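The first chain written gets the first letter, and so on, giving A, B, C, D, E and F; residue counts start at 1 in each chain.
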């Protein structure tokens, strides 16, 4: 384990552009032994072999890390997640270019190591096909998970161009394989021109909840998130939930660097609030943020930047829940 | 006529980055005979000789096509325009560089071919001067048209830098020539620092309706569009209307690639909804989307992307109206 | 003094891309004698030596000028600031690369020349450390100023990485040195993860008002600005106020070219309205707009563009107040 | 078949940015019947699923077409290839995203259609894995081909990251499968740090000729090309030869938009001369140009631009040879 | 007249990114009276209305100035042009957007003012059509000029797309109008696919000298320039010569930001040497550098940067000649 | 110490875009104990506070690492440096933003740790001011060093804008302080317009050797490097030499991302050969590569890419010398 701050120990923080590249300057390790006692671990999943349009998400994990800012208290929530939680950067899963099957296996194994240590995996994609190994690993530990899924697209195709394992099919496969409980699966932000009746028909049969972008527009993000939390957490509010965020749920103004952008999307302010709130209100067992196709260095890449903040907001929510849970009553 | 899908016939769609470059993968023809039976036809007008600031809109039509996504049902409206309507890509008007007069003539003639076949022309600009040939051709067929005009600027200058035929003057010229009925002409999204009292005075005299960006902010897009539809469609709601969309009506965050951007503008969500609604509620006889200055390839160019969606939303609205009109009563 | 319009005298305006590069095509002079009778003067402060993350704001003043549009009436306010006010571009302060102390001295002296002539200095940064010489010069003339400060960050660090003179510390230093009256100091737009309890504790002790981005979200920009104006203008509403705008208060969608961007920020529409309103409602003695890191030419750089409009909205507000004040009563 | 020039018939050429997007404005068809009587046909192969580093070559064919300039006589050679040869743009092979096997099959079939009509296929990649279907189709018609291969890398890996079908292995596979005659296989421009002794040992065993970048530097392009022609054309100088050009053979200054760039490479002037000369001096049965990862629109993308010229120089060479062969003897 | 250095007087130079934007920080004036005693004057000609492909050269003059470095001795030539010569920046000609005729008139008048004062005009384009007013003004004073013309293209079309006044026709028009002496007109760097036999036939008839890029490659820049100087300067070596440099003579690696780039071109090292040498060896009466389409700020735009150096090398050559001429004999 | 390859152990290499970001995928450590037995260590020096024009080199070390390709044998030299030499990535020196003095101290200390372990420091800049701490540390161990310095500029100013510690002064300071032996100090690639007679006069007095870009052009890189080696290595050829490479010695075509680019420079092919040859022929005690201002991700940034190769060529040269020295005689 290397602590990037140690060389700057006298100053309490290091410049974001200097030192070891790890998420938010967190300690970095590739050794499962270092996961002991950790609450959450960052895992990169740099693969994009299964996209239907523009590739490039393989550069996502590195760019998201490079867009990090230093830890500190969330100014609205008043919580510094990195003080409450023990978090490390566990590096990237050993993916292999042009070999999506072995890459998925590598991702599932790496995420599994994090879960085995009792930590929450935070996976940086990568194309959305990685949701499949991410969620499979979580369900292997926790049983069928609820899923809160921010996205323009449902990703519930049976095939895309005849291909079964695709960034357009993971949610179909996870439901069919039993890893996701469809009655606790909520999609938020759907818009545009895909998919069609076949997929929505299947979704209705399975009991999946679809919240469209026009729901967000008409009802507001707070109402929509409240519905999502209620559905995903189950009747008693305590069931395990996975959070999967495709940055294309954002309008291209806020996240231009993505493979299948769709105008008319969410604002960053809404999405960041939503991620924090979801994490504070459900039993989060894992998350991923996907489809970041970066082009620039550091915080100059606005898509990598907002993806980094999506993770931090989520960790802030986890920390808020931790504080709330551990607070003495009476 | 070439159908780009035919090589991918077994799959029902083709990848957006592959195959013949046509709008949304539609059949492509330059032969007027192929317009027979068509409801709407895409026409490119790649000229930008008449701008007052940054040129580059000549690359707009190609870039808008390259930002296309495959057909499918509109997730909010529940309508797949390309199933309801017969639409083709009729290619570009034979413009000539550095010769705006002959280019305008070419555009007018090409749009005229579409109209002669009974189809709605959808013109991809190009600078806003193309509204002049676009609307002239429509008025030649339908008589003076109503005009719903989304823009930061009124484009009703008498001259710009002493030049009469300019991207800042088409609306003045169309009103004065009688092709646009000023009492049914509505501008939406005006802001910034142009024009001045002379132009607004003339507008008031003519009975033109100006809806500013602060009207959108204060009253909301729904109220503003309702007013526009009422004014443009005429007393009986059935008069022919042309829709002209300058992408600079959007805030530069949503459409950075335009020649005279102005901060403080509309969101994509509002504009896309507005175009669909206008098309669903008036008798649309033609449209253009202008001032797209692209720089990137494919959907990476967010301005070309949103322009593509402006067209699709409009076609969706036309399809909605078609369905509503043809629905059996009681 | 050179009037860039004179070569285009027959046309009343010049193309933005041609002629001498001055703010909005204003007369340009580096001679203090030309400040006589001037109401406001543009001053560039092209330094960025004191940043903690990405540098590049030294190119801000030139880029902001290059993004100018011609003068004209503000379409919402109905006022042409450049007709009401005498404004010139006074050029850049003679900063020196790699020598922040002498650069600050040069900025303070140049701003002082503007103030000595009775004009309002409008300073184009530069990193936010320039607020220190900007405000010092204003306070030297007007006494301790109120401060309305749009920013993601408070910039009230005591040191940043152990450095006292930094773009993260000017407001602390100005309060401690007595140039800013903390009870009339209002921050708007705070969000993200900095600073921490130490700084906020000091702020509370001093009586500084912090309005967060979630206040803007929950209460609306109008309520927030009303509070700010009330606090900054003092009990009798007439005390001198400085306006300092860090473009990173905007969401990165609206201002991607800045050194420490933070998602979840303000829209351009809100900020532009706010700047105009503040200027119309307080006794403005100076302003700066900072942290613009441009990359493109002309209005193609959306961050430089919105910074230019921030200045114009502010000047519009000053002109509105001038008109209101000078209006005959009864 | 659509002739993009027909709308501009009165002018003899069309603007490059207007009209149907076809290579150099050539007639476009997807119908094999239109290949009758054609000398050469452009085929796009927009796939990049098999790369080991940066993807994006799927956008290559479209960008290469968009960088076209109008036909005309080659100023050094004095030959207008498009007057001597009948050339059409046969569109793209129906590749499928995320399915390299079916994409290879589609490419092989489409190239085969061109060959069946007696035309030379000119394939626009796409990643270098497409050389496998390209050459297989040619060898199916002409028997084992000689191969002149411009590249930084040998592309003769057995596997890359354990993957057999890769952009780093096509030449190994083509030699082993007998489609390329290794004694007539010449590599030009090798440099950098790959491959190692295993691959070079195999190459020596097979009798493959390797000409390094330091050979070009020390001996000059003319000597190197002379050697290559002699080796590839076989003892009697008339054996069929395939030309495969990876744009990364160029220095990144000349072709920055490629997936595995390597500094210290060839100049455009040398490569363009070389391609023309090879085509003029061997019996060319096919060519491909690969690994173009474009980012910009039109000729603004210098990598797409030079790739377009590589094709034109090659066609010019073919035309030169045609003229020389058909010239009446004394 | 404003001397940008005066605010930095204590330091002898100013940072390139600060202060008034003038060429190389030279004194700036728009007043013809200030031309008195001046040896050379910079004139911007920001128009691009007459291009056949990509526009954008209207931003050239500003970008070339912004890429300036401070004056100093040329390290090879040992001469500081700005110490030997009196040079000022005379600003831009008052061009008008979308009105090429009046823009040409404005350019001719402004260049004429420089010539009337006895100074050499150095014109920053703009598209190459500006050579027409540039040379006309020079010939009006000096009689028919010799012309050394660096370019990929001959620019001797009779029309381009039927347009007579174009960036592809100025040299034809200048020869036919008698402003250029065709026997002293030398083209250097021709390559690519334009023009054809008609134009070259006319050139031969007129006695124009064409030196191709393959001449540079085969014979070297020194021999080519020697031929050009001999031809242009006339039998006695003292005839007036105009130097016209289209940056597309460079390979796109060295000048990517141009409207009709052509791979296989000159290196910067060759062109810079050539411009200096031409200026040192002929009686230069004027120059222009054209077709710079910038995109970036400052020296980050490599095309604007090399254009700036083309001017400085030329001025260095003029200074060398001045020194050589004025040196005392024996 | 973390070995990024370990997760990919089964494959012998990892994708460049995945895994821990270290130079060329080398083991990474910040612990001086891990320097034991190491031949060379990479050290980042991410500071750019002392530049006179464009900043941004603080992002250089990270970008150079991100442009790495996997280890392998140098195809011309036949040597895999990483097999011959033990090399690690020792991370970045703990620089502090806006505090150049403490940053220099941190760099000197970190480089000193490498030297103390008997390894060669390879420093990735950062602006060229870092040569001062780099060389001071080397001279502290080895005594006054010879210096081979590739650069457009001499960097021997006494001050730059009155500032003594600058990226334009390190070589003056190092000579004056005795850390560089001026008689063994050779500059290669000088061109442009700086410095002037004062600096060159001082250089001559000190016996510094200046080899200009025109020397490279006229005499060839081999002759120039031979002279440099002879001078720097001292009479017996064995004196310690430091190699300092400013990437602006390259033409902007090859290295556009640098702060003070100068057209007319070296090619990558020449510079890479030169660095390898110098390292193979002198007793190298340290090197730095500076002034890389990256903008893109990975090998897409051609300047970072060529800087990475400059390091690898140098290491290859060191390995060649090691092999040559250790080869059995007789």
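Note that in this section a contact is a pair of C-beta atoms (placed from the backbone, for glycine too) under 8 Å apart; a residue touches a chain by one contact, two chains touch by 3 or more.
Computed from a predicted model, the values in this text were never measured in an experiment.
Graph distance from subunit C to subunit D, where chains that touch are one step apart, equals 2.
With steps allowed only between chains in touch, the distance from subunit A over to subunit D comes to 1.
For the pair subunit A and subunit C, the fraction of shared interface numbers is less than half, so the two copies use mostly different residues to meet. Here the repeat of A-F among C-E, B-C or A-D is C-E, since over half of its contact pairs match by residue number.
The greatest centre-to-centre gap from subunit C, using C-alpha centroids, is found for D. Once the centre of each chain is set as its mean CA position, subunit D and subunit E turn out to be 38 Å apart. Distance from the subunit B centre to the subunit F centre is 56 Å, each centre being the mean of its Cα atoms. The mean-CA centres of subunit B and subunit E are about 42 angstrom from one another, to the nearest whole unit. Of all residues in subunit A, those touching 2 or more other chains are 11, 15, 17, 52-54, 58-59, 96-97, 161-162, 251, 253, 298, 300, listed in ascending order.
Listed by label, the pairs of touching chains are A-B, A-C, A-D, A-F, B-C, B-D, B-E, C-E, C-F, D-E, D-F, E-F. Residues 48-56, 58-59, 96-100, 102, 160-163, 165-166 of subunit B are the ones that touch subunit E when the two sit in their complex. Taken in their complex, subunit C has these residues touching subunit A: 52-54, 161-162, 190-197, 212-214, 217, 251-253, 256, 260-265. Across the interface of their complex, subunit B is touched by residues 2, 4, 6-8, 11, 14-15, 17-21, 28-30, 44, 46, 58-59, 61-63, 66, 91-97, 294-298, 300-301 of subunit D. Put simply, subunit F touches subunit D in their complex at residues 11, 13, 15-17, 69-76, 80, 251, 253-254, 267-269, 272-273, 298-300, 302, 305-306, 309, 312.
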